[in-house]
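Chain naming follows the written order as A, B and C, and within any one chain the residues start at number 1.
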Amino acid sequence: MSVYNERDFHEDDFLYAHESGKKIIDKSYKATSYLKDVLSNFKRNKGAIIGFVIIVIVILMAFIGPSMNEHTYKSIIHGHECLTPRIPFLEKLGIFDGSYHGQNYYAAKGASDYYYWFGADTQGRDIWTRVWLGTRVSLVIAFSAVVIDICFGMVYGLISGFFGGIIDIVMQRIAEILNGIPTLVVVTLLGLVLPAGMVSIIFALMITGWIPMERIARAQVMKVKEQEYVLASRTLGASRLSIIFQEILPNIFGQVIITSMLSIPSAIFLEAYLSFLGLGVPAPLASLGSLVSDGYKSMTTFPHILAVPVVIMSLLMLSFNLFADGLRDAFDPKQLNK
Amino acid sequence: MKKYISKRILVSIATLLFILLVLFILMDLMPGSPFNDEKLSEAQIAVLYTKYGLDKPVAVRFFLYIKNMLSGDLGVSYSINKNFAISQMVKERLGISILVGAMAMGFGTVFGLILGIVSALKHNSWIDNFCSAISVIGVSVPSYVCAMLLAYFIAFKFKLFPILYNKSMPIFSLILPALALSVSPMANIARFTRSEMIDVLSSDYISLVQSMGIKDYKMIITHAMRNTLIPVITVMGPILINLLTGSSVIEKIFGIPGIGSLMINGIQQNDYNVTIACAFVYSVMYIIMMLIVDILYGVIDPRIRISKEEN
Amino acid sequence: MWCKLNALLKGRISEMKKLLVCLMILALLVGCNGEKPVKEKVVTIQVPSDVISMDTQIATDGGSFSAQDMCMAGLIELDENNLPVCDLAESYTIDETGTVYTFKIKENAIWSNGTPITAHDFVYAWKRVVNPDFASEYNWFLETANIVGASCYDPESGYTVDDLGVVALDDKTLQVTLTQPSGFFLSMLAFPTLFPLNEEFVEAQGDQYALSVDNMIYSGPWVMSAWEANYSYEFTINDKYWNYENFKTDKTPDKIIFRVVNDTQTALMEYESGLLDTVNLSGEQVEANKEKPGFTRRLSGYLFYLLININKTVGPTAMTNVNARLAMSYAIDRETIATVLNDGSVAAEGIIPFSLANNPETGKDFRDDNGSVMEYNEVKAKEYYDKAVAELGNDVTINLIYDTDQGDSEIKAAEQIQFFLEKVGFTVELNGKPKNTRLMMQRATLEGGKAEFDVSLTRWGPDYGDPQTYMDLFTSWRSTGGYASEAYDMLVKHAEAADTDPLTRWEDFLAAEKVLVTEDAGIVPIFQAGSAMLISPKITGIRFHVAAVDSYRHIVFVD
C-alpha cells in the first residue's frame, strides 16, 4: 500500500524536450586542476573565509601581542591586583576606563599612569601580554600534538589497514585498550612522573589523540586498497611500500587534514580541562587553558580575568571549526560542480 | 549474529583484563604513598604497606585483586574514606553519576537533534549559521565556565533551581548540572546531525522521494532520519563515556557525590584501590557501550546486518 | 517509532496532548519542590572535604578530628583561650616530680549506649594506638607526649605495649607516667587520639568499627545521626553526655549539618542564599566580602617555610653557603606575599607561628616575645648575594619545588618568591609537583643523598601547643634539610631534656630560633597560613585552635 498521496496527472505535465523550443547551448568550462576547484569552492563559503581570517589574525597577535606593551608575562607589580581594563582612547568614551562597581581603582591604587588594556590578574600581571602569550603556548602545544598525531596515527592506520589479517587485529586491539583507559588516569600519572612543562602536556595529549586519526586512515585504506588502480599498480609490479605511499596516501590526505584541523581545537580544549585539574603548564607560564582555569576562580568577583581568555579561546575554536567545515565542504566531490 | 556477539564479548573481557594489568602497573609507578607522608617516617610507612599487603609484587597483587573482584570485593579505601568498602562507595556514587549523565544525554540528544535538523533543513541560511554558532559555543567554552554561568545566573540570581545538589530533591537539583554537562554533547550531536543530514538530503533516494512530489516534511524526515541516525548513534557512545568522565568537574562545582570526583580524589591522594576501581568501571562501561553500538548498528542498518550474516 | 518521535518534535500533536504534557511537567516540579520541613533549628557548616575516618586512632586530618571532637570526648577540653579544662576528667593531681598524673573520671560519664566510661577504656584505647600490629598513622603521638614506653610502636625500641605508662588504678581512676615533666601534656589530652574507646563495643564491631553511624557509640556532647559519604554528615544532641543538663539550652541547635562543598564560588552563593551558615573564602573572594557581617579571619598553625637542601654529603652547592641563604631570606617581602594571598595568611618572620604558645611567666605569645627574627631588606640581601657570588665564583641558580595540587596559595607564594629572589640577582627555576611527589623528592634527597632540589616550599603544622614541635625538626638528629648547628643543637637539647625551669626552657627556645633564622638562615620562613570565612551572625561559638583541633561543639544561636 502506498503511503504517498495520489496525484492527478495532466496532459501537459510531460513534454518532449525538443519541443520546448529552447535553444540548447553547451557551456564549456575551462579545464582547472583539482586544487583550483577546491580553492574556488572554499572561497564561496563565507563562514570558512571568516574563520581563516580570524585564525590568521589570532596567530599574528600571538606573535606580536606580548611585546606590544611594557609588561612581560611574569612581571608582577604589587598593588595592581585585579585592575579592570583601561584602554587609552576608549576610556574617554566612558567604557574600559578602569572602573569597578563605580569606583576608579586605578587612582586609589596609585596606578594612574598605567594602562592595562585587558586589565590585571590576581597577582598584578598584565592580562594582555599573558593572554597572547597563552595563545602562543596553546597553539604550539596543539599544533605539535596534532602533527605528531598525524604522523603516528596515519602510519599506524596505514599499516594496520593495508596488511590486514592478524596484524590488523592485534594493532586494533592495542588501540582499543589504550582507548579504554580513562585519559585522566594516564595524564595524571604522566604529570607525576614527567617534569612539568610543555613537553609533557604535548606527550599527554598525544597518548590517545592519535586514535581518531588512525581510525580514519585505516578506514580509508581499506576502502581504497580494493580499488582498481591499486590492483593495476600491483599487477605492474609495484612494491607494497610504494603502493602505500604513492597510491593510497594522496587519497586519504584530504580527510586527514580535515580531521587534524578539527583536532586542534579539541587539543586546546583538553588542555583547558587539564589545567583545571592542576595538570597544565607550570607557573608562571600561561596557556589559554591555565588562564581560563585561573580566571574561573574569580568569575563572580572579577569577571574580566576570565572573560578575556574565554572569548579568545572561543573565537579560536569557532574559527577552526568553520575553517575545517569549509575545507570539508570544499573537498567534497558532490559539491565541487554545483 | 550470535557467534559474532559472543566473539566480541570474549575479546572484550580479554581487553578488560589487560587494561586492569596496565592500571596496576601504572599505579605502582606513582610516587608517594596513600598515607600521611608529611608526618610519617620511611619505617612507619613500610609497616603500613605490609599491613595493607602493598609490599607484595605486582603480579601477586593483581591475581588477588581479580580473585576478590569476582566475589564483589573491590578492596578498601586507604585515604579517601579509610577502610570503607570500595564496592559500596562505587555503587552509591555510580548511581548518581549515571543519573546526571543520563539526564545530560537526554537534554543533549533532544536539543542537539533539534538544532541539527533545523540547521540541515535551512542549510546555508542565517538560521543555519545561527544554530551552528550556538553549537560551536558549546564546544569552545569549557564546561566548568558554562556550569558556573548557569549556577550564578539561573540558580543564584533568578532562583529557579537549587544551586547545590540536594539529596531530598535529587532530580530537580540535578537539572542544572545536567544542563551544564549537556552543552558539549548537544553541540557535538547538533553538528554531526547537521552534516549527516545534509549529506543524506542531497542523496539519490531523497531526490526520488522529492521528485514523487512528496513535499510533506514529515515524510522526508522519516526517510532521512534513519540514515542520519546511524552515524549519530555511533558517536553517542563515546560521548556518553566522556560525559561520565567529564562530569568530575561538574560534580565538584555542584557538590554532587559522584564517581568522577571519586576518581580524581583517588588519583590526587594516591588511593590505589579507588583509582583502579573507578578506572576499571569506566573501562567496563566503555567496552559495553562499544558493544551495544556495534549491535545497534547491525540492527538499524540492514546492509551491515546482511553483510555480517554473509560472512 | 521514529515517526512518532519526530512528530512530537515537530509539534504536530494535538493541543490536548500539549496541555497534558505541560501539566505533568508542572506537577513534577511542584512535587519535587514542595514539602517544607518542620521548623528545626539547624546549623549548616561548609567543609571542603569529607571525613576520612571516624575512628579516633586512624584519622590524620583536621576535618575528621573536628568531627570526632563533636561526638567523642576525652579527659581534657580546650577552652576559648586554648587553656585545658576538664571534660571527662573530674579532677587530676600531679606528683612532685611532675611525671605522674592521676585523673579521676566523672561518675556520671557514660557512653551513649549506657555503659559507664571507665579508666580501662583509656588504657585500652591508648594501647591500641601504639600497638605495632594496629599500624596507626598517629602512633608516634604518645611518644611525643612523653608517655613512658610509648615508643613500643617501633619493634626495635625494646619496649612492648605492656610497658606503656598508663594504668587503671580502679574503674574511675587513671594514672599516667611520663618520662619527663611536660608543660603541654594536658593540652595533648584534648586531642582525639587520646580519647577513650569501649573495648567491648569496638571489638564486637570488628573491622566495621566507625565505618557508619550504626557502628559507633559516643561520649561527647553530640551524636552522629547521619553520614552520607562525600555529601554531608549530621549531628544531634547526645542526651547521655555527662554535661547534658548545662550543655543543652534553648539556644542550642537541634541539628548541626556539615555539608561537603569543594567549590568556593558555589559555596559562597549557597551561603548568600541562606542555605549555609559558614563558608570558607578564597583569596579572590576576600576583597569583595570583607565588609560583610560575619567576616572572620583565622590563623591556622601551618607555617610555610623554605626548606633548604644543605646536605653537605652531596658536595658544596650554593645552598651550603651561609651568605647565599641569608641573601634569600632578606630578599623576600613577606608582608606583600601575605597581601597578595589575601586569604588571612600573615607574614612569618620566624619559624614559630602566632598563637602557638605563651611565655610561662609573662603570658606573652612566643612570636611577640621574640619579635621579628628576620626582616625584608633588599639592600642587605644584595650585599649578601654579592658576597656569596664572590665566594662561590659564579651566579646562583636555585631549583625551587612546591605543591601544585594543594590550592592556590602555594602556587602564588612560589611565584612571588621567584619574583623577589630574582630582583636581588638569583635565577630561580620553579618546579611544581604534586605534593606526594615533592615529599618523595625531599625524602630521597635528605635520606639518600641525591640532589633533586635546592629549596622546597613546605609547611609544618604543630602537633601540640609548644615551640618544641617546630624546634625539634631542625636538630641534627631529626636532620630535616641537612641543617646542623652545634649551637642550635645544644640549645634545643637543653630545652627538651635538661631544663627544669619552664622560663629557662622558654628562653633557650627563643635563642635557638635566633640561631636558626637570623644567624644561619637554615630555613627561610615565609608565611603562616590563615583562612578567611564568613560566619553567619545568627550563630556563634566556633572555637579555632592553632595547635589543636577546631571545635564546633559549642555552636549556639545568638538570640
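Just so we're on the same page, a contact is a pair of C-beta atoms (placed from the backbone, for glycine too) under 8 Å apart; a residue touches a chain by one contact, two chains touch by 3 or more.
Just so you know, these numbers come straight off a predicted model, no measurement behind them.
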Can you name the chain whose C-alpha mean lies closest to the mean of all the C-alpha atoms?
B
Between the pairs A-B and A-C, the one where more C-beta pairs touch:
A-B
Just grab the chain with the largest centre-to-centre distance to chain A, centres being mean Cα coordinates.
C
Between the Cα centroids of chain B and chain C the separation in whole angstrom comes to 37
Roughly how far is chain A from chain B, centre to centre by C-alpha average, rounded to an integer in Å?
23
Cα centroid separation, chain A vs chain C, in Å, comes to 46
For chain B, residue numbers touching 2 or more other chains are 30-31, 148, 152, 268
Residues of chain C touching 2+ other chains?
265, 269, 405, 434, 436-437
In chain A, what residues contact two or more other chains?
192, 299-300
Enumerate the contact residues on chain C facing chain A in the complex.
264-265, 268-269, 282-285, 287-288, 336, 339-340, 404-405, 408, 411-412, 414-416, 418-419, 430-434, 436-437
In their shared complex, at which residues does chain A touch chain C?
74, 76, 78, 81-82, 122-124, 191-192, 195-196, 278, 282-284, 297-302
Residue ranges of chain C touching chain B (in the complex, touch as defined)
2-3, 6-7, 9-10, 12, 29, 32-33, 50-53, 55, 58-60, 132, 135, 137, 139-140, 153-154, 207, 211, 228-232, 259-263, 265-266, 269-270, 272-273, 275, 405, 434-437, 439-440, 443, 447, 463
Sort out for me which residues of chain B touch chain A in the complex.
11, 15-16, 18-19, 22-23, 26, 29-31, 129, 132-133, 136-137, 139-142, 144-145, 148, 152, 191, 195, 202, 212-214, 219, 245-246, 248-249, 263-264, 267-268, 275, 278-279, 282-283, 286-287, 290
Would you pull the chain A residues touching chain B in the complex into a rising list?
3-5, 7, 47, 173, 176-177, 179-186, 188-189, 192-193, 265-266, 269, 272-273, 276-277, 292-293, 296, 299-300, 306, 310, 313-314, 316-318, 321-322, 325, 328, 334
